[in-house]
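Once you scroll down, you'll see the structures, which are given as structure tokens.
One chain, chain A, links the two complexes that follow: it is found with chain B in the first and with chain C in the second.
Our next item is the complex of A and B:
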């Protein structure tokens, strides 16, 4: 208990609450002096809640101690390069500069958000199992559905950051990221953002979906502002994390690690970070504009004031499309990284796979308006965006063909990580194949805003992120803890989750094509969808059960898992050439890259050689 | 070599099986518009490469997992094959060519859905939270969209509040209705029947229920319906008063927010409203007299009732006499 309350997490949260109230009271006093309304349905007025929320974030940053070292530098004081972390679990709720601790903090947070977002889904899926409204009100449905979306999205961004932060320094032979304090900041700034997001539940919720389109979002309850502010805050994590990763990979690679001798996951991380560094600002801006429209009456998206709702959609999707490549590029990188290990063959066409990640990132910036084919935007935009969207299939196809060519004639073993890799490939394939009908305008005008789209993106997200994320956890858990997770439970997790998930998404696509719209709390029984919905709900619960089994495995293996200190998977990758758990300072002797990363089958070939060095 | 042959044969067999299987299950609703034809054609064209690519990836994958499984006792690595530049270029260029062809087909089918008939029938559509109303050129408003078969109609759509979207799955095309814009929806229904338009863009709490009938009839049935509606509307306008008001209330979807039985919805109930004392959000208490009711319809934000949200009720396109008729109807609700 005492350990918890003295932690950065607890201090940050308490200071955030305190700052929230101070900020809200401050605005309330000013409003009082100005003769404006000072109380509203949620006690404080909306401007008070928003300003308070903002001050709360600043107080969290101050109170948690993340900026202490920087303040010292500003005052001309020295700080030590390394902070010694405490031994036990409490290091994970305190400020650590160690990228491995930060990576685990991100990963645990991501799993937490997966559970929260997933629970929301289970609630509204239960409501949807039968037509009619059984226990949710329409407002609650819309809020839970909207939060499911954004909580999962933040969970993915944070999970991606976890994988990248933990692994990239290990893969390139660095002691840490280029900017360890910025790294800690990037993690911790997400926490108050998540708090803001979840606080929307207490402030009337919001009924717009995670896309927050005005004019609806301009008239939604106060919870809408908490959504906007929360995402804006969490976005800083993405931007600064991307910056850090790029600096790290450019400047801190081991001797001999030229570009095409980097592990493929590093290429994926680079492509991902280019996106997070440059595109995130667009969603922040679009949300900020709606916030100002609500707070100050600035009519950016209000046609009565000369604004246009469609402008929001352009600004929003300019980030949110590249964002989906942030979701999947790291996972696809994990797939590329793991296949050679489990089939004992080189990664086929490694250089072209590396380029394909950059290609996807680039083309991904040119396709955003495919989310807007029915929006009423200028019709001439439809065809060019269709061309660019279909084009993404080319670099994506390169990955699939390369994976198959790698697996072909390999010597294949399928422990749990490899099961999730294969599952990821299959699920992402289905997600990807359901893309072209959406990319093609004529068919998209039928499919957009239906459950077909919901099925499409669940497939791509699970295949590109969730499955590879689990693969990465099962694979690198021994590296982080020195113990392995139980194989039997891992297999149950996989074999329960995969068929349930495929059933769920196939049925989503089916009802969508037949007329089931998105984001509806209820549907007409005459449409004949009730049976499908019941099965989808059951599938959802089976997925949840499989994830529960995962958690039991995960947490019990930390203490009781079979000890594994060596190169469990017989990988050529640098991090497996040192004992597990990973030493605190990663590599006590530096290494030099003397061969190719994936030269499995080439007798006598080595990838790295440890050198005498400091 | 034999591995390639087996896999090749399996792919060649599986592709048509998947394609035919997908075609056999009726994935789409019935086609009820001319525009649905190119949409479904394009979908079916997409199914070809999709079936092929699914087989192309899945067959070697599953085959490998079985046939190339590590044998017991074999501890070695597999063959050191790094890649093949020609193959990699091929599997970049061929998909690129397919993409270009399909993008062309996509543009072509889009054009087919957009063919303009200069003599199209024009009907104005108003969307608002949470109802649809249809203004016919013959001078009446209906809550049912009647359409004559085989005639192109262009719906000119406006929203009074937030973004909505007009969609009839059997027609295929959907089009958002955006405040500040007039968006057009061109459709030529070609199958008699009763369909439903359901809003396809999340528009607030009652989005799920924002639907109205779309009835496709023969030209002669359509003409008689129009005649009947126009006459009834003119008669109501001439008569004025509560009956005309009641019809206007139905057309404009007021019931989505205002009940007549006393229940509290998004807006205040009308039951017993006229003549009652009303507390406003600024604390003042006023009498809900005729002037109050007129003002509350014309300028919804002027006097907001305590406990109800401001900025939700849109400003409707109503003439003064229409507002008066509505008010006279509200006055009858005890």
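Our next item is the complex of A and C:
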């Protein structure tokens, strides 16, 4: 317990709370002097809460000590690049510069957020099991529904960062990321952001959905501001993480690893990082503008003052559509990475796969307005955006073709990671096929804002992120811990989650087509889909049960799992050529790339060679 | 030999500054007399190109930094890439603000004092010139020249902030352009405010570099912090080169 209270996490959180109060009291005093209203329904006034929240973030950063080295640099002092972490669990709640520790911090945070967001979903899913309102008020339903969305999204962003942070330096043979301190900062800035986001629960919540469209978001309770501020803060994690990853892959690759010998996951990480580096600023800006509209009456989106709410949607979707490619591209990279290992065949069309990640990312910048077909934007924009959206299917199709062709006539093994890979492909295929109806203007005008969209979205994100994320955890768990997770529990997890999930999303699409609106707390029993809703709720709880089994497996395997030191999956990838768990400074001897990465099953082919001596 | 080089580099800075000054004056003239928007945009792009190429030295990104990943040269090149990526990211904020400005106001502009705009723009351009001089001096190990130039840069930067926040804002408020009056006011305060925040960050960065430079921490071979401060400062200038015509020159008065 003492170790906990002296950790960076605990110190940061205490300082954040302290800063929050100081900031709020400061604004309150100023308002008192100016003769403005001092107290409101949530004790402090809205400007006080927002300013306090902002100061709290600064105090968190200062209090947890992540920026100490930068202050030393500003003072002209040198700092050591070799930073030793303590053994044991406390290194995970303290500031570490090791990309592997940071990757695990991200992953654990992500799992935590997925549980929180999933619990919100279970609560309002239960409410939806029957028509009428049973135990939630409308405001609580809306808040939980909105928070489910955004908490999951932040959780996925953090999880993507976890996978990338842990793996990319290992895959390219780097000692660490290009900027280790920035890497630590990127992780830790997400923590106060998450606290702010969850604090909206106590401040009246918000009822806009995760999109936060004005004019509704301009008059939602104070919780809305906490949502904006929290996402804005956590967004910096994404931006700086992307920056770091791009610099790392450009500058830190092992000798001989030319562009077209990089692992596919690295290509996917590059594509992802291009999006997070640039587009994230756009959502940050849009949220900032609404915050300022609420605080200072600046009428960006207030039509009474000449503003235009559609502008918000443009700025918002300019990030938020590419963001879904941030969620899925690393997952698709994991799929491409694992298939050749488990079918013992070379990856089909390596170059095409590598370029398709970049292709999806770049086309992704040109499709945002397909979310706005029904918004009242200029009509001449609809058809170009329809075609650009349909174009995304081309690079995605390239990936599917390569996966099928790789599996074709392979010697397929199905340990748990491979199960999740195959499950991911199937689910992502359904998500992909349900996409074009939403991209086509004529059908989208019918489907928009129905449960069909919800089903489509969950299929793409489960197929593109959740399944590959679990595959990655089962696959690389031994690398991180030196022990493997139980196969039996892993298989139960898979065979419980997959059918339950498919039932859930098929029924979501079904009720959507029958007229169920999304984000709505209640529905008319006369529409005849109350039974479907009950089945969906049961399916939701089965998914939760499977996740519970995963967690039991995860935590018990850390201590009691079967010990695995060597190359468990018989992989060609460099990180499996050294003992597990991964040594602190990665590779003792640098390696050189001498062949193609995925030439499984070809006699005499080699990917890497460790050079002798230091 | 080396002195000749140094003189050449400093002269180049002067020539570029003259170009920038002439273009700025021409821009003002075009806006007042002709009002050709395309011409204004082209001139802004030319100015930005000059700053990015000659003052920010974008071509250094392409320099060969050898194979030894532990060498100072290699690490500096990595830092340089990181800084440019950050600027790329940041430019999306300003890009978003410009998009918002044209989306909401299209080809109208708030009734601001154009002369005042020209003055603060000139001050910022001049500060970029001295920043370039400071960096070039440090490249040739001239610490005195570095200190003098960077102090002038700092003073001009403070002058810019004082001009925008201390003179421009109150005069706009006096004219009835307030953040909450209409979108023109909101956009004006948002754009200048966001830019001023970056100028303030730059000023802090410059003070740190000035202090450490006076303590002798930088040399001709090792002065990444100076280069970073310079590139950042020029970037803030680049942003203003777009913001100035967008706010003061382009479009009809509301």
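Following the convention adopted for this analysis, the second predicted complex is superposed on the first by the 613 of 614 C-alpha atoms of A that agree within 3 Å, B and C clash if a C-alpha of one lies under 4 Å from a C-alpha of the other, contacts with A are read in each partner's own complex, and residues count from 1 in each chain.
In the analysis below, a contact is a pair of C-beta atoms (placed from the backbone, for glycine too) under 8 Å apart; a residue touches a chain by one contact, two chains touch by 3 or more.
Keep in mind that what you see is a predicted model, and the values were worked out from it rather than measured.
In the three-chain model built by superposing on chain A, chain B and chain C fit together without any clash. In the superposition on chain A, A:308 makes contact with both chain B and chain C. More residues of chain A lie in contact with B than with the other chain of the pair chain B and chain C. Touch criterion met: A:522 reaches chain B, while chain C stays clear of it. By the document's definition of touching, of the two partners only chain C reaches A:278; chain B does not.
Touch criterion not met for A:21: it reaches neither chain B nor chain C. Once the two complexes are overlaid on the shared chain, A:535 sits clear of chain B and of chain C alike.
Aligning both complexes on chain A leaves chain B and chain C separated at their closest CA atoms by 13 Å.
Overlap of the chain B and chain C contact sets on chain A: residues 307-308. By the touch rule above, chain A contacts chain B in their complex via residues 138-139, 142, 207-209, 213, 215-216, 219, 303-304, 307-310, 343-346, 348-352, 374-376, 379, 382-383, 386-387, 390-391, 393-394, 397-398, 400-402, 404-405, 407-414, 422, 425-426, 429-430, 433, 436-437, 439-443, 445-446, 448-450, 510, 513-515, 517-524, 596, 598-602.
Chain contact summary for the complex, chain A toward chain C: residues 73-74, 76, 178-179, 182, 239, 242-244, 246-247, 250-252, 277-282, 284-286, 289, 292-293, 296-300, 305-308, 311, 314-315, 318. Interface of chain C with chain A (complex): residues 69, 74, 77-78, 81-82, 85-86, 88-90, 92-93, 96-97, 99-100, 103-104, 179-187, 189-190, 208, 211-212, 215, 217, 225.
Those residues of chain B that touch chain A in the complex are listed here as 3, 27-29, 38-39, 42-43, 46, 49-50, 53-54, 57-58, 60-61, 64-65, 68-70, 74, 76-84, 87-88, 91-92, 95-96, 99-100, 102-103, 105-107, 109-110, 112-114, 161-163, 165, 167, 169, 172-181, 183, 196, 198-209, 211, 309, 311-312.
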